[in-house]
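Two complexes follow with chain A in common, the first pairing it with chain B and the second with chain C.
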Partner chain A sequence: MPVTYKKIASVTVGAGGASSIDFTSIPATYDDVCILMSARSTGTNVNAQGFCYFTFNSLTTSFTSRRLIQDGTTVSSDSSGGRFAAYIPNSQATASTFGTMVCYIPNYRSSNNKSYSTDQGMENNSSTAYLQGLVAGLWSNSSAITSISIGGVIDSTGASANFAQYSTATLYGISKS
Partner chain B sequence: MTTKLVVDCSTGVVEEVELTEEELAQREADAKAFEAAEKERKAEEALRAAKKAELLAKLGISEDDAKLLLS
Partner chain C sequence: MPATYESIATTTLGSAQLNVEFTGISQSFTDLVLVMQIADSTNDARDVYMQVGNGSYDTASNYSRTILTGNGTAAQSSRSSNASFMSMSYAVYSSSPLSVNIVHFMSYSNTTTNKTVLARTNGAGDGVSANAFLWRSTSAIERIKVYLQPTSNINTGSTFTLYGIKAA
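Right after this comes the complex of A and B.
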């Protein structure tokens, strides 16, 4: 049972936006790590949705995941998420609304494959484009995780976008003793 | 210019770094891959809804009737 959370680093996106937020040189002094993110995309697709994904140790391979999603109308699940991290609102969503994501990575230093989970909500004060999701993910790599990138903000049209100004991400380290 | 925010957790220093050509290409590839995955998810949802409607029509009952039967 985790008993201590310590903030390792935190970042807020500036006026120019950012394609990704990368935590590098993650200290190998904790048992687990956790990321809290509040984010919005600069994408412009009318359905107000964007999404973003993970990269560990600068590697984009060996990710598999299962998503459970509700969009206000239906609940669905699929295994096509791969590196999927979260849905976030884009510039068409209600002004100043941000999506949230919590990602927990236990045993990030392990020499076994790494599991992770995310819990996320995309905010939009509208009757459409409201999404909540859970992800169970696996990174099949035996290296300790030393860097985590949350990025590749993508609009639902498939066009690349950026994290909008005031998007924030904080990395916490968790010690179990 | 497309940039990323890099946080060095050992120092706390945050740098805004321009993406390399390789990173830009990966970004575009990721965008296309995720668009395809999203389309697949929505297609599966539509197919499931169509099958459900077809079954309800075959049974001659409404969705509310089906919910009542299953409650």
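Right after this comes the complex of A and C.
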């Protein structure tokens, strides 16, 4: 019986950090793909949170998204997320604590524009770096997705950062039949 | 090695139609996951409705829901009881782009508990929602029907795939 849900590749960030987590040469043998990520930033801003972003096929354009975000006090929605991927805790967050993200991209090889669903969250057991986000994303490009990069890590102040050691992401391929 | 996550059935619509049904669903799994990409043939926003059942669809007032939505401007939470369907907002936006909707039917084959269904909808040009539904029936789910309201055809190219997950 063919395997429905199969790991394509997995990346774990080593000592020294990494500016991005990259999945290249994604095989054209699946119907959907799914990324599971656990990540932390090397940023230093005192609010303990950072952001990371998607790049598909080395392109950063033609991304739009609608987000639903809550921080335990306030719930908000915006349409300014663009290629936003996830909030992640930075070096000021509780030690050994990482944010998580699940991104499901159906029909990644189709000639339609690529819609995707992202759920992500971080919890810090403190007064900072707690957020949950639900995102409806769209990459308005009819090309098959052949590479996915998660990077562009920044603090909430816009200061550049990297993924911290032990951040991981795994790309799975899903077959419909 | 036994498969944990299996494709049960999949369909890509070659022509527009009013609803999509999965019947005779195998009872050998623990949970079901339904992944849908839906476009509306009238190029207008619609809600996606679902009904489930065993042998026939339950059309009585046995469904309830709690939902969280965001339309890109405002966030809302609401709930409703004693409905004759499960309804999801922001699950279909237009004829293009296709939405992304993921529905989990937890313990669907269990015959001692009412059924909980969790759904995420994503319309990048419309909004996003998280939904928790309850179907007040201890019957196993043997069939699922998906349709649009207000009544409209589901557009060509929409895809529906039902997966089964085994706990052991």
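Going forward, the second predicted complex is superposed on the first by the 173 of 177 C-alpha atoms of A that agree within 3 Å, B and C clash if a C-alpha of one lies under 4 Å from a C-alpha of the other, contacts with A are read in each partner's own complex, and residues count from 1 in each chain.
One rule holds for everything that comes next: contacts are C-beta pairs under 8 Å (C-beta built on N, C-alpha and C of every residue); 3 or more make two chains touch, one makes a residue touch a chain.
These numbers come from a predicted model, not from an experiment.
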item	value
Which of chain B and chain C A:G158 touches, first, second, both or neither	first
First, second, both or neither for A:S76, with chain B first and chain C second	both
Partner chain(s) touched by A:L36 [first = chain B, second = chain C, both, neither]	neither
First, second, both or neither for A:A144, with chain B first and chain C second	neither
Which of chain B and chain C A:F23 touches, first, second, both or neither	first
Partner chain in contact with A:F51 - chain B first, chain C second, else both or neither	first
Partner chain in contact with A:L59 - chain B first, chain C second, else both or neither	neither
Doubly contacted residues of chain A, that is, touched by chain B and again by chain C	69, 76, 78
Interfacial residue positions of chain B with respect to chain A in the complex	2-12, 14, 16, 19, 26-28, 30-38, 40-41, 44-45, 48-49
Chain A residues touching chain C - in the complex, by the definition given at the top	1, 3-5, 31-32, 64-70, 75-79, 104, 106-107, 112-113, 115-117, 119, 134-138, 140, 175-177
Contact set on chain A toward chain B in their complex	8-11, 13-14, 16, 18-27, 51, 53, 60, 69, 74, 76, 78, 80-84, 149, 151-152, 154, 156-160, 162, 171
Residue ranges of chain C in contact with chain A within the complex	3-7, 10, 35, 37, 68-75, 77, 90, 96-102, 120-130, 157, 159, 161, 163
